[in-house]
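All remarks here apply to the structure that follows.
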Amino acid sequence: MSRLTHIDENGHANMVDVSEKSVTTREAVAQAVVTMLPETLQMITAGEHKKGDVLAVARIAGIQAAKRCSDLIPLCHPLMLSKVTVELEPREESNTVLITATCKLAGQTGVEMEALTAASVAGLTIYDMCKAVDKGMIISDVKLLEKKGGKSGHYKVDA
Amino acid sequence: MSRLTHIDENGHANMVDVSEKSVTTREAVAQAVVTMLPETLQMITAGEHKKGDVLAVARIAGIQAAKRCSDLIPLCHPLMLSKVTVELEPREESNTVLITATCKLAGQTGVEMEALTAASVAGLTIYDMCKAVDKGMIISDVKLLEKKGGKSGHYKVDA
Amino acid sequence: MSRLTHIDENGHANMVDVSEKSVTTREAVAQAVVTMLPETLQMITAGEHKKGDVLAVARIAGIQAAKRCSDLIPLCHPLMLSKVTVELEPREESNTVLITATCKLAGQTGVEMEALTAASVAGLTIYDMCKAVDKGMIISDVKLLEKKGGKSGHYKVDA
Amino acid sequence: MSRLTHIDENGHANMVDVSEKSVTTREAVAQAVVTMLPETLQMITAGEHKKGDVLAVARIAGIQAAKRCSDLIPLCHPLMLSKVTVELEPREESNTVLITATCKLAGQTGVEMEALTAASVAGLTIYDMCKAVDKGMIISDVKLLEKKGGKSGHYKVDA
Amino acid sequence: MSRLTHIDENGHANMVDVSEKSVTTREAVAQAVVTMLPETLQMITAGEHKKGDVLAVARIAGIQAAKRCSDLIPLCHPLMLSKVTVELEPREESNTVLITATCKLAGQTGVEMEALTAASVAGLTIYDMCKAVDKGMIISDVKLLEKKGGKSGHYKVDA
Amino acid sequence: MSRLTHIDENGHANMVDVSEKSVTTREAVAQAVVTMLPETLQMITAGEHKKGDVLAVARIAGIQAAKRCSDLIPLCHPLMLSKVTVELEPREESNTVLITATCKLAGQTGVEMEALTAASVAGLTIYDMCKAVDKGMIISDVKLLEKKGGKSGHYKVDA
């Protein structure tokens, strides 16, 4: 039967042993969606400079958060990411910014948490930069889109 | 006209000057919702020990993340939180865990980002601890519920 | 003659070169003991919830400290722990909590410092959570119990 | 009746609200003792340079750890230390190094944990630097010696 | 006679006591200069997007480093910056980028180190982003330009 | 044509993919020079203790900064340094301290940034410790001296 791997037989949370897991290339893609007022989205996208900076800051925050994942999520293993990208796509039709984070490494444990953390923190950073004009922004649909490598195989959400 | 306070006249992102803002008691409440399979929620809530540990770990992760907010969100000011609480409420009717984070301080700048960060990271931690059995969990409705203190006054989302 | 490996021929502290050491599975077990008043121990152990939370918080703090060891101990190498467990055993006969931390990795350098740091910080966390009722708690017997892997071979303290 | 202040009525650990506590000058002194082989102590104290460096590294590690206390101990409040000193005294009669850490600030919460953390991490650093020649070192007697300021008044251990 | 304030009478480095210093508004401005090949500077400045991103990343890195200063510089006091700005000015006549960092707070200790750290890390980030095409870049003229507030009064370098 | 590797085709900064790069031994040497008043240099070098401590603190700060490089420089990969040394040489003829940092690892990416960061932070630490007597100190000539390993081969600055 499947069970919560981070909880041992006594109900105690611990960092699981991955020593015996094989080193394989692992990749994960996660997303987050930030919904805002139409005016807020326009402020982000209007003007080369502004767009560059709001989205650039969120992108950098997401990348750095991916690297700090094992520091933030108590039972995550430390690992050496070999690639992190965070893309931010303003979508006027839905007044949202779609954030997609991709993490990759050759290691003994998956990188889902790194990708999810990157997407979340990029979203929080957009909130921070726009909160003076729009306190009602919502971050939603934070989820894993795809995961490759490791024993559990390929996982992909249907589009 | 309102504008993005973190972006200066040249379109450059910088940490805004709050030196002249008055020191007032500030409080913010934020939430996040983690949606999961019914079986996953049962694993979390079944058994005193397990419940204690899964939710305790998420609560601690959220509290620590609040303290590390200015390290994660590039343009947040460092500040000295005087209170952080993170409550996690399993809701069987919706197969969700509702996370509510409250932050407080006497300072020159609000604590919305701290509360939002706490709620998000608590949600990510639940994902981490349950991902072996449920990769499809979704974190959503990350939003500010209430904010008190400071020049912008009381902000409260309608229930 | 044996010498302090972190001090070079000029008496300068530096992070030693482990590039040529072989990658082997390394494991270390360390302990710490927290001595307290009988009433304090009872508060920790009385009631499912309280016990869960005091010890759960200390366990998580210990695990996270193990991951941050190279950040805390100046000449420790950064490394990627593949396992960390922290167990806390209340012992009524001696009014103590016995903390046992185990760390593991496949790498070029041992994990004694990670295990010792985990045990120490778990002990400090117990102190923090109980200090309102018992300022006289003492953390003692912080020591390495066992070490496996690496050139120096198996080290084990006699029971 | 006294109770564990970090645990709320539901048995949940949270960072307590200190918003209403008055800002006073607070100071705490804590100690740790590292016991080692006579030869190990001689290596530390023999030669100006070596002594300078082993003890200097431990002192710096302790000071930095005091500043990082709220990051390590989950329910500690972030605070702005106005003074940290760490003194290390080799004592040949007992083959020990006595570590004494003092922390000070004007704030709403005490600095016991900062002083205890500084003393512990200084002790761990000595262990790290000498472990190649003496794995049996023991850190003990980690305790609060004195605490001034705040509602609970002056606390001092009898010599 | 003036002396090194961080070194006590025994020659030991410690974090000095600023408890009795008055809280005043303090500001510091520091600079760094990155010299590079003409082609490298052109790559940075050619194209709106690229310029936005290289300089935006360096700016963010500098701002975040200012906040982490007490973590990096062992004897710096933790403090709560109320403003950080980092400006980067490409200067074609000298094939340099001039970095100017300004930090401000109301506190008991100056913010020179925060400004110097921000300028340095912004410079290192430019190096990182351009090193694939120009390993010979040099960071120089890292210095304090101006300092206001505190007992030592106004300090300003002649232009 | 060579280009800025950290900027993708859309002008966005991201952490480049090094997954396919081979694991080789990589080493980098970088320097920084701190220029000061003759009296300041004398204070650093006069007396065994003082010298030990000022330079020891700077050395430790540099070593720790090397380990924290990927946390400071946004697009740097996390990596596991197998060696870090920081040497500081007071040079009376030029009223300078020459800082030389060496980093090494077996990995997929170079360690130039780690060596440059170590040298810079060691220089900033000297500034911090001497700023009470000499605010005009300048850090300059921060540059890569040598780089070995990896696809780009051996790089060495002419003496």
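Structure notes:
As written, the chain order gives the labels A, B, C, D, E and F, with residue 1 at the start of each chain.
In the analysis below, a residue touches a chain if its C-beta (ideal position, glycine included) is under 8 Å from a C-beta of that chain, and two chains touch if they have at least 3 such contacts.
All values reported here derive from a predicted model rather than from experimental measurement.
Contact with subunit B and subunit C alike is made by A, D. Chains that touch both subunit B and subunit F are the following: A, C, D, E. With centres defined by CA atoms alone, the chain at the far end from subunit D is A. Looking at which of E-F and A-F shares more C-beta pairs in contact, the answer is the pair E-F. Here the CA centre of subunit C is 37 Å from the CA centre of subunit E. Between the CA-based centres of subunit A and subunit E the separation comes to 30 Å, rounded to the whole angstrom. Centroids of subunit C and subunit D (each the mean of its C-alpha atoms) stand 16 Å apart. For subunit E, the set of residues touching two or more other chains reads 12-13, 48-49, 52-53, 56-57, 60-61, 64, 68, 74-75, 79-80. All chain pairs that touch, listed by label, are A-B, A-C, A-E, A-F, B-C, B-D, B-E, C-D, C-F, D-E, D-F, E-F. Per the touch definition, subunit D reaches subunit C in the complex via residues 2-7, 10-13, 43-44, 47-50, 52-54, 56-57, 60-61, 64-65, 68, 72-76, 112-113, 116-117, 120-121, 123-125, 127-133, 135-144, 147, 155, 157. Remark: subunit E residues 48-49, 52-53, 56-57, 60-61, 64 touch subunit A in the complex. The touching residues of subunit B, when paired with subunit D in their complex, are 25, 56, 59-60, 63-64, 67-68, 79-87, 104-106. Residues of subunit D that touch subunit B in their complex: 8, 12-19, 70-71, 74-75, 77-80, 107-108.
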